[in-house]
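Two complexes come next, and they have one chain in common, chain A, joined by chain B in the first and chain C in the second.
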Partner chain A sequence: MRKVLIAVALMLALAVPASAQKLNLDFPELAERADEVVDVTLDATMLKLAAKFFSGRDPDERAIRDMINGLQGIYVRSYEFKSAGAYDARLIDRVKSQLGPNWKPLVTVRSRTKDNVNIMADLRGENIVGLVIIAAEPREFTVVNIVGNIDIDRLAQLQGEFGIPRIMKDKDDDDE
Partner chain B sequence: MNLENDLKRALRAESPAPGFASRVMERIEREQTRKPHRWWRAVAASLTLTAVLGGWAAHQVHQRREGERAKEQVLLALRIAGEKVRYAQTEVRDIGSHD
Partner chain C sequence: MMNKRLAVALLFATVIAAPLYADFASVARAIDAQHGVKRIWIPFLGLARVAVRMVQPEGVHDFQLVTFEGTDKVDPHELQRILRTHAGAGFTPLVQAWSRRSNEWSFIYARPRPDANRLELMILAHDDEDTVLVRVDVDANVVAREIREKPRHVEHLARR
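After this line comes the complex of A and B, so read on.
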């Protein structure tokens, strides 16, 4: 009985930080106002399913498959507006406020004309077990939450490589 | 001579046991009533098999579609994330090169 209780306590202790990594990225007020919206929600089940569709023979696809195999979730919200200043800059703080004590800022870029980018990582020892990217442009607001072990350098290499297609944003009107 | 007698004895006409004819008729009736059941069972089994195979095929098609969609979503998500990380890295490198 005691062993069972210890096992349950251990499972709960492990489960709480793992679930705490996923953030609330619902911004209904932005989705209503945005001209273009990208909404990607991939939990562990969907990632496992997607991994089956990356070829093991193609080295590029294999690299992506290996990368997503270590992940429990990928969540992206990106909103593009017709005019500048269409969203409240305090949204950045709203996302940051959800981050626990393990989260450390990796890179912060501030610019008046281009992207303001905040990259924060959930560090457990030397491992990054979660990543949040907040990119705020005058006409665009993007948040990416990656849950799981992620190699940030490998992620940066993906852009423009591995046959990753151009960004195709869904028209908000099309969704309705 | 003995052989002839033996053959005659063996091949002599004998009346069947009482009730033989009715037993045969009963058996024939039983077989006839059983046959339609077998036919329906076969049809039911075929229909069940068709339904199961059809359901499985539909599930496979649905899974494939879901998988392809998930793959596209992964590529899109990684591209957006990669683009932002790369931009931040470039900015940091540029600042470093100015110093």
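After this line comes the complex of A and C, so read on.
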């Protein structure tokens, strides 16, 4: 009987897919205080629609389309304030506190006066099934949550799309 | 007599060609019910709608539009709540953006159409001067392009 139970438990564990984690990105108190707020919600249905309209001929667009096809959602919350220090810097910890044990930091940039960037990934084996980008500037706070299978090599191509801020440096920027 | 028949036929065609949407009407009614708010009548809007349904400019297949005045005293959060609760089944928030600096508020809800290449957008744009409610049935590629390039300004699509 125990063997059957263990077998059933094992089967259930294997059958449950590595579901990506959607975070709670609603900060009503921040929205109240912010001068400008942008909130973009692209769920799986919307992303499927959007993916159709990236050209299959252009290699850059094809890469974005392929990436979008594996996603379940893109959620962007961006808050801009009139003056520096208008929001509590502990907000970053509030976002991080929602992350489960699978989440690992990919990029951490710390500055007292400029941008603070945290990129964390939900790692399941070798796969990334979720990503959170927290960009905290003195007058701006942006959180992006990408849910679904993410190809890290193609991730840079999503910046600047759908309200996702440009965080990673392009090669062209280095050349200038 | 001929003119009268033509007018009746045109009116009939307008009514047949331009179906009413309960979701849109429900949102419009709820805004209209706010204290001090008055709906502005726009002449020939019905005909414009028929023309849009025939010509389909910029991938727009149909639209409905209502403009309100006297909304400067209405809390924009209340407008946001109205759209959230009255937009109807299938509508989900796509872009919500506002600026206290310019006092411009835009709430955009979307619902995929059954043919999967089109979207229905319910857009509520509010500023100091007026409040505009638009329902637009549009090719999804037009929306995708606007959101990709300038998510903050996607409401301009409806304003156009």
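By our rule, the second predicted complex is superposed on the first by the 135 of 176 C-alpha atoms of A that agree within 3 Å, B and C clash if a C-alpha of one lies under 4 Å from a C-alpha of the other, contacts with A are read in each partner's own complex, and residues count from 1 in each chain.
We take it that contacts are C-beta pairs under 8 Å (C-beta built on N, C-alpha and C of every residue); 3 or more make two chains touch, one makes a residue touch a chain.
Being a predicted model, the structure only gives us computed values, none of them experimental.
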{"item": "When chain B and chain C are modelled together on chain A, clash or fit", "value": "clash"}
{"item": "Chain B versus chain C as contact partner of A:50, first or second or both or neither", "value": "both"}
{"item": "Which superposed partner A:42 touches (first chain B, second chain C, both, neither)", "value": "both"}
{"item": "Partner with the higher number of touched chain A residues, chain C or chain B", "value": "B"}
{"item": "First, second, both or neither for A:152, with chain B first and chain C second", "value": "first"}
{"item": "Contact residues common to both interfaces of chain A (with chain B and with chain C)", "value": "38, 40, 42, 46, 49-50, 52-53, 76"}
{"item": "In the complex, chain C residues that touch chain A", "value": "92-101, 110, 112, 116-117, 119, 140-141, 144-145, 147-148, 151-152"}
{"item": "Footprint of chain A on chain B - complex, ascending", "value": "63, 66-68, 70-89, 91-92"}
{"item": "Of chain A, residues touching chain C in the complex", "value": "34-43, 45-46, 49-50, 52-53, 76, 82, 161-163"}
{"item": "Partner chain B, residues of chain A touching it in the complex", "value": "38, 40, 42, 46-47, 49-50, 52-54, 64, 67-68, 74-76, 78, 107, 109, 111, 114-115, 117, 119, 131, 133, 135, 142, 144, 146, 152, 155-159, 164-168"}
